[in-house]
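Following are the structures in question.
Same chain, two partners: chain A is paired with chain B first, then with chain C.
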Partner chain A sequence: MKAAIKRVGTRLSDKTLRFIFDGREYEAQVGDTAASVLMAHGIFALGRSVKYRRLRGLLAVGPEEPNALLTVGVTPMVIPNVSAPQLQLREGLVLKSQNRWPSLRFDVASLLQLGSGFFGAGFYYKTFMWPSWRTYESLIRRLAGLGEAPGASDLPVAAVEYLSCDVLVAGAGAAGLSAALVAAHTGARVVLVEREPVLGGELEFESALVDGQPATSWVTATEQMLQTLGVRILTDTTLVGGTGGVHIAHHEPGGLAGHNKVFHIRSRVLVIAMGAIERPIALINNDLPGVMLLGAAERLSRRYGALTGRRAVIFANHQRAYAAAARLVKAGVSVRAVIDTRSAAVLEQDAVTARHCASLQVAGVLCLSESAVVSAKGWRTVTGVDIQHLRSGKAKRIACDLLLTSGGWSPAMHAGLQGGGTTRYAADKATFTVTDQPIGRVTVGASSGHFELAAVLSEAASVTARVMSELGLVSDGAGIPMGLGDPAPRLAPYWRAPCTPSQEKRQFIDFQNDVTVADLRASLAEGFRDIEHVKRYATLGIGTEQGRTSTVLGAAILAELKGESIESVGLSRPRPPYHPMTMRAMAGLRVGSALRVAKRTPLHDWHVSHGGVLDPMGLWMRPRFYRSNGADAAIAAVTEARRVRTTGGIVDGSTLGKIEVVGADVAAFLDSMYLTKASTIKIGRSKYMVNLREDGMVLDDGIVLRLAADRFIATTSSGHAEHMLSHFEHYREVDWPGRAVTLTDITDAWSVIAVAGPRSRAAIQHVLGSEWQSRIETLTHMDFAQGHYAGVALTVLRASFSGELAYELHVGPAAAVALWEALVTSGLEPYGIDALDILRVEKGYLVSSELNGQTTPGDLNMDSLVRLGNPCVGRALLDRPAFHEPTRGRLVGVRAVDGCSGFLAGAQLTTLSSTQPLGYITSSVFSPTLNEWIGLALLARAQAIEGATLIARDPLRGQETPVRVTSTVHVDPTGERIKS
Partner chain B sequence: MTSLSCPFCGVRELAEFAFHKTLPNAGDDPLSAVYLRINQVDDSHEYWQHVRGCRAWLKARRNPSTGEVLEMNLLGAVTS
Partner chain C sequence: MSTHVQTESCWLVRSVAVRVVEIAAFDASSTAGDGLGLPRRPGTVTGTDDGGSSLYFAPGRWLLVGPSAAFEARIRAAAQWGSWVEVTGKWVAMTLQGPGAQRVLASTIDVEATLQGRECAAVTLFDCPSILVRDELGFTVWVHASVASDWVAAVERLGAALTVTTG
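Let's look at the complex of A and B:
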């Protein structure tokens, strides 16, 4: 294990912990991030870039870090792309660097860049063209992509919390705290979210005073005040996006999924105070480990006592660099030089800079004006920099192991732009800010381009007060804090150091996607000139970093290359999420059984304890077959089906949808809902009926029972009940507004046991007892009778799913198990859905394979029902000519010509001489009654002639079977059994 | 999550509602009524149902480009 020297930092404690990085164990202090401790251990290269596989160190400290992405965990339970500077270490955490093979120091794929030079944008798609892109795709995909995807689906479920408030403040720096104070003082309900584990933002780096006290004390006092005022403060929480008035904030303590939580926050006002992000200046080899942002070095030093180098050169275009240099010197970094791009004349007018320069020079720091670092030197890390005077061109080399750049700050605009705002460019600060935001959404502080403390505090407070009063949330403007801090940065826009055209491919803009100045030039040359096109062509500003450091820099350099102004180039519109969230977190609790409930029939436990093999069917769990009838599903199903035809059997039909339709107008209502009339059904009788969609396709089928003149029960197929209820309700509102039609879903109120087979009548007479004896005797096909079984309501309907003499027993769930067991005791054995499938294909009855939303009544041989002319929903469109063309499919039966070969649903039907499909098989089963394979098929009307011979071609399963077209009714075509 | 306003139940989460279809506005013949929509970017008449609530069928007027709901009325009760 590697121990480290004890460090002191604002985020560190003295306690230690251990973790593993790339197979080696290291020691860290509690509070350390992966980035800070690896820096402290002298590990500066933390990953490789995604395209060129260049070694990369840390650029930034925060979610803007583009390259130091780690994989946490052990395969397959890994979380990829965790930002190292945000990852709070915990005991025993296992970390891995990314985009390298076999190791971080030596990566095979990185040799590619030595062989062929750099691949520009579009390289892969242009190069790997012969014979086709697909030849190379799988190989290239293996090299591409950010990190390793988790192989396990059981990441912890992210909790979800719903909040409602008047004012949501995103960001708890100076601006956010000021806004929250003003809002909370009015008594408004305020929620404050902050990305970091502590409040205060940039105040920790300024020697500032707020309301007369040191800034850090003011932060502590303000936090207490806000809590007293009832503000909900959420740390480690980032506003990532939102829609429709609800904002999504992701709570990710320690920067690691697994303990995360998603907040859905409904708020009338959103105050965006998410600060600004420091951006680099483009120069040659600016991606070498050891080149980082000035602010990143300051954060590492102050928070974690981690020195990122011994000899630093600072390269900037503003005054703040000097104060930062002084602080780094104090922290023990030997600062060799501060290189400022601003002219000597500008610097002379800048009293603060002059004062800082003087004291830095005393400490031995070289201060150069009107100069730029043009190139970073070194192989694996920085060993020196080349400096050039911008006017004279005079060059100079300085040895160093750290180059700190700062090209200004880009306000965090994602939240504002996601809400529909537009951007405005301010040349004096080199910032884009958001304007024209929707009502109730404002941006304040550094996010709106304010970098001076006094201005930040007062602007945040006054803007918040204004937007609250506009929405009628009274604000008296009390509690506006007064600040005194660092002066404005006095920045002169500067984007990239001079270089020759061939060196532009080493000037990196977007580190995460390896986008260089040369790529932007290539994009323009290829005709992708708009910023949105450039973004996609050059992959500028995509990925986990979402262009935080690269978008504005890219826009500015694009403007230079196009010879246009920055404002005319503009920015691409960012999309949520602002910060990566796992899909698991987005799904929240809507996963597994919470997303998709499993419905169980009252007989569920009986099926389970008697060897029923359950399968989901819609939301229902239904037994496919019973193990006692054969271990193999196919054998068991055939055994069960044969038994139904020879003796009898029972099946759990409780999943059948049942809708009770009651009211004076129901007969007419149902007439309009079904292809045939319900009003002609006699009381105590039932009828098989089909519904059409408004486009004429068959929607569903079922049996409709008439209980009284004004009372029906419409049954639907399993899993369709809810949809059919909505369907009925819709047409009741459209066609029968205010009429007496009441619709009630009674699916769960009735268990259904279907009893089928030659012995079914005797069995139910025996089980139901003497009071039912004669009533059952007199029931003819489609009659039903109502009564009781064991004191529970019972309806006996003589109807058949199987073509056998059969009854449906609709019984209250309380008596379902008793009735089922009594039937089993009487000698009827249960069968499953697979056997039911066999029975119904034998009879040519329809299920979802045939009622697939693409079949008309004509396709299903119901022309005679259509001809009855009932003007129902969907009837009008049935006369379309295309529905009657000879090529349109019609349902037929098929059997193998040789009487023994098999074929499966999905096989295409062709003539003997052609491979042109004329139709396809919708259902196929092995029939125990006929002892051969039988099927149903949709076959072009012209070919749908009984006796014709076709080929069932199934190339995927390697089957070609000659088949004969038959009637759809394979067994008992005259219906003797059903009427027996 | 976006919220919608049900005339019976008040403001409720979007997840309680089901979108059904855009109302025909391109012709009265049956074929047009089923298939043709003008798809105006800022004004869409739609059927919704408060399916996880009171089950009322609703007629909405919405601006699909902004997501703003301009009107949400009961479908049937008005004419009763």
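Let's look at the complex of A and C:
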């Protein structure tokens, strides 16, 4: 084990913990991140790049870090792509570097670097074409991708919280705190989210003063004030997306998926104060471990006491580099040189810079103006840099093990470019800022291009005050904080150091995707000139860091290559989530059995306890069959169906949709909704009816019961109640506004037990008792009677979906189980949905696959209903010629010619001599009544002739079965059973 | 029949069945006044002398819980105005109380925004069609009977999850 190297930092404690990195145990201090402790141990290479497998070290310390991504856990329970600088270590964590095999130090695939000249942008698209992409797929998939996908997970379900506020402030740096203060003082409900575990942002590093006190003290006092004012502060929480005024914030303590929480925050105003991101400068080999951003080195030093190198060179294009250099020197870093691209004349005009230069030179730091680091030297890590004077071309080499670059800052623009918002180039700051924000969204501070503390504080306060006043909320006296911090950067745009064209393939822009200057040049050569096209062709700005360090740099270099201004090139638009989050966190509570709601009938528990095998059908859980009738589904279903035909059975039909339609106008309304008239149904009678869509296709079918002159119950097929209710409501609102029609879903208010078979009447009479005897005796087909059972309302409807003498018992859920058990006791055994399907197909009744949204009444042999001429929704379009062409399918029955061969739904029907499909089998079952396979099929009208012989071809199973076209009614064609 | 679910910070009781009726006006924009005794303002709840209550839960829609015979007669007599539909068994009442009750509901809906200026609202809670009612002791949630088991399961899961989350 490598013992901890004792350090002092603002986020470290003296306690230690142990973790494993690439199989070796290390000791860290509590508070350490994976990056900080590994760098403290002198481990600068933390991973390999995805494409060329080049060794990579830390570039940044925030969500913009493109290189140092680790896999946490042990296969298969891993979490890939965890950002090392954000991963707060916990006892016993197991970490693994990514994109390498067998080890980080030696990776076989790193040999790809030797061919990097051939692997430019577009290489995959052009190369792996012959003989087939499949030839290479396996190898490429093994090499591609970031990290290892988890094969299993023991992560807890992410918590979810919905909340609302007047103002959501994203970011708790100087600007965010200033904005939150102003908003809170107006009495508004404020939520403040901050991705770091502590508030303050950049104030943690600047030796600044706010309101005359050290910035860190002001942050502490402000946090207390905000809490006093009732502001809800969410740390370790990042704004990751949102739409329509609802913003998504992701809480991930310690930077590792585990106890995540997803906030859905509805706010009237979103204040984006997410700061700015330091960007690198492109130079040869700028991806070597040991090349990192200046700000990252400062953070590692202050927070974790981690010195990222012993001899540093700083390369920048702005004044703040000198103050940072002075702080690093103070922290113990040997800064060898500060290389500034700006001219000596510019530097001399700036007294602050001149003073810093002088003191640095006294400390032995070389300060070079109008110069650039053109190349980082070294193999596995930086060993030196080549410097060139930009005017004279004079070269110089300095030995170092750390190159700190800073090319300026890019405002965090992701949140400001969703649902509106555009960018504008600010030449004086050499960056883009967001503009044209929609109502209710503003950017403040560094997010809006302000980089000086005083300006940040005052602009955030004034912008927020203006927005609050637009809401009618006025501050009760919050003053504008006065800040004194690092001076303005006085930045001169500088994007990449000079190099030859052949060296451009080692000037990296997007580290995560190995995008180089050469790749942008290749994109242009291929005709991909727009920034959005370049992004996709060269993979610029995609991945976990979402182009935070590369988008603006890429746009600037693209502008140079195109010979255009950077304004005209513009930026690509980022997409949410702005910050990576696990799929599990995105799923929120919808995980496992909670993925979707399951509907249960009042008889659900009875089915489960009596061997019912339940399957989801739509959202409903329904018993397919009962194990008491056989362990095999097919055998059990046949047994159950045979029993219904011979004696009888009961099935749970509670899933049938039921809509109560009430009002003086409902008869006419229902006439308009069904193919046949409801107004002709007598009270106490019911009717089988069919709905059409507006285009004439059959939408649904069911029985409509007339309870009174102004009251009907329309039943729908299982799972269609919500859809049919919506369908009815649409036409009521559109075509029947103000008319006396109400619609109420009563599906859950009534359990339905369907009793079928020769013994059904006797069983019902026995169970319901004497008061029902004569009423049931006199019920004719489609009659119903109402009364009570065990004190609960009961409707007995004589209707059949099996072809047998059958009744539906609609009873209140409170009495459902008692009634069911009484029927079972009377000798009727339950059957499942599989048996019901057999009974339906035997009788030629429609099963769900015939109502597939593509069949008309004519297709389903309902011509007689159409001829009645009821002008309902969809009726007019039934006369379309296409619906009557001879090639259009019509429902027929089919049976195997040999009387014993099977065929399955989906098989195509062809003539004996052709493989041209003429139709297909929609439903097929083994009929226990006929002792053979039977089916329903949609067959071209021209061939839908009873007695014709066709082939049922099932190429997937390699089956070809000769079948005979029959009537759709296979059993009891005269309906004797149903009338008995 | 009742089911009790106790978590660290809240408790839920699935209440016994009561008679429930839905009232719907033919014209959703018409007022409920007219001497019918229904709540007049959307989102409000009124009680009756005999222990029943009326929830104005959606445009032109009321839920009557345990209506008295007299009340029923009055509403039925106004047949030109709207409909009376017996829905006993359609809804299951869940009583959610305790300091963590609102936090449980906040896992599926913005409670404050939903009930701002109202006492009840038709909503979707844990993907289940529901009517949310805030009262003095906490919340009563009317859930479709077919999904009530899933609703209870969601609360049970949250009971475990909420003890470990922060923020």
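The rule we apply is simple: the second predicted complex is superposed on the first by the 957 of 980 C-alpha atoms of A that agree within 3 Å, B and C clash if a C-alpha of one lies under 4 Å from a C-alpha of the other, contacts with A are read in each partner's own complex, and residues count from 1 in each chain.
We adopt the following convention: a residue touches a chain if its C-beta (ideal position, glycine included) is under 8 Å from a C-beta of that chain, and two chains touch if they have at least 3 such contacts.
Predicted model, so just to flag it, every value in this text is computed and none were measured.
In the superposition on chain A, A:Pro253 contacts chain C only, with no contact to chain B.
Within the superposed three-chain model, A:His264 lies in touch with chain B and with chain C [touch as defined at top]. Number of chain A residues touched is higher for C, counting chain B against chain C.
Of the two partner chains placed around the shared chain by superposition, chain C is the only one that A:Ala159 touches, whereas chain B remains out of contact. Residue contacts after overlaying the shared chain place A:Trp750 against chain C, while chain B stays out of touching range.
When the shared chain is aligned, chain B and chain C each come close enough to touch A:Gly738.
Judged by the touch definition given at the top, the superposed model places A:Thr75 against neither chain B nor chain C.
Of the two partner chains placed around the shared chain by superposition, neither chain B nor chain C is touched by A:Gln213. By the touch criterion stated above, A:Gly812 is placed in contact with chain C alone, chain B being left untouched. Overlap of the chain B and chain C interfaces on chain A comprises residues 264, 266, 738.
Across the complex, chain C is touched by residues 156-157, 159-164, 234, 237, 251, 253, 259, 261, 263-264, 266, 589-590, 593-594, 596-602, 604, 620, 660, 662-664, 710, 738-751, 793, 812-814 of chain A. Against chain A, in their complex, chain C makes its touches with residues 17, 22, 24-27, 79-80, 82-91, 103, 106-113, 126-128, 144-147, 149-150, 153-154, 157-158, 161-162, 164-167.
By the touch rule above, chain B contacts chain A in their complex via residues 1-3, 14, 18, 20, 30-31, 33-35, 47, 49, 51, 55, 57, 66-67, 74-80. Chain contact summary for the complex, chain A toward chain B: residues 243-246, 264, 266, 420, 694-695, 726, 729-730, 732-734, 736-738, 876-877, 880.
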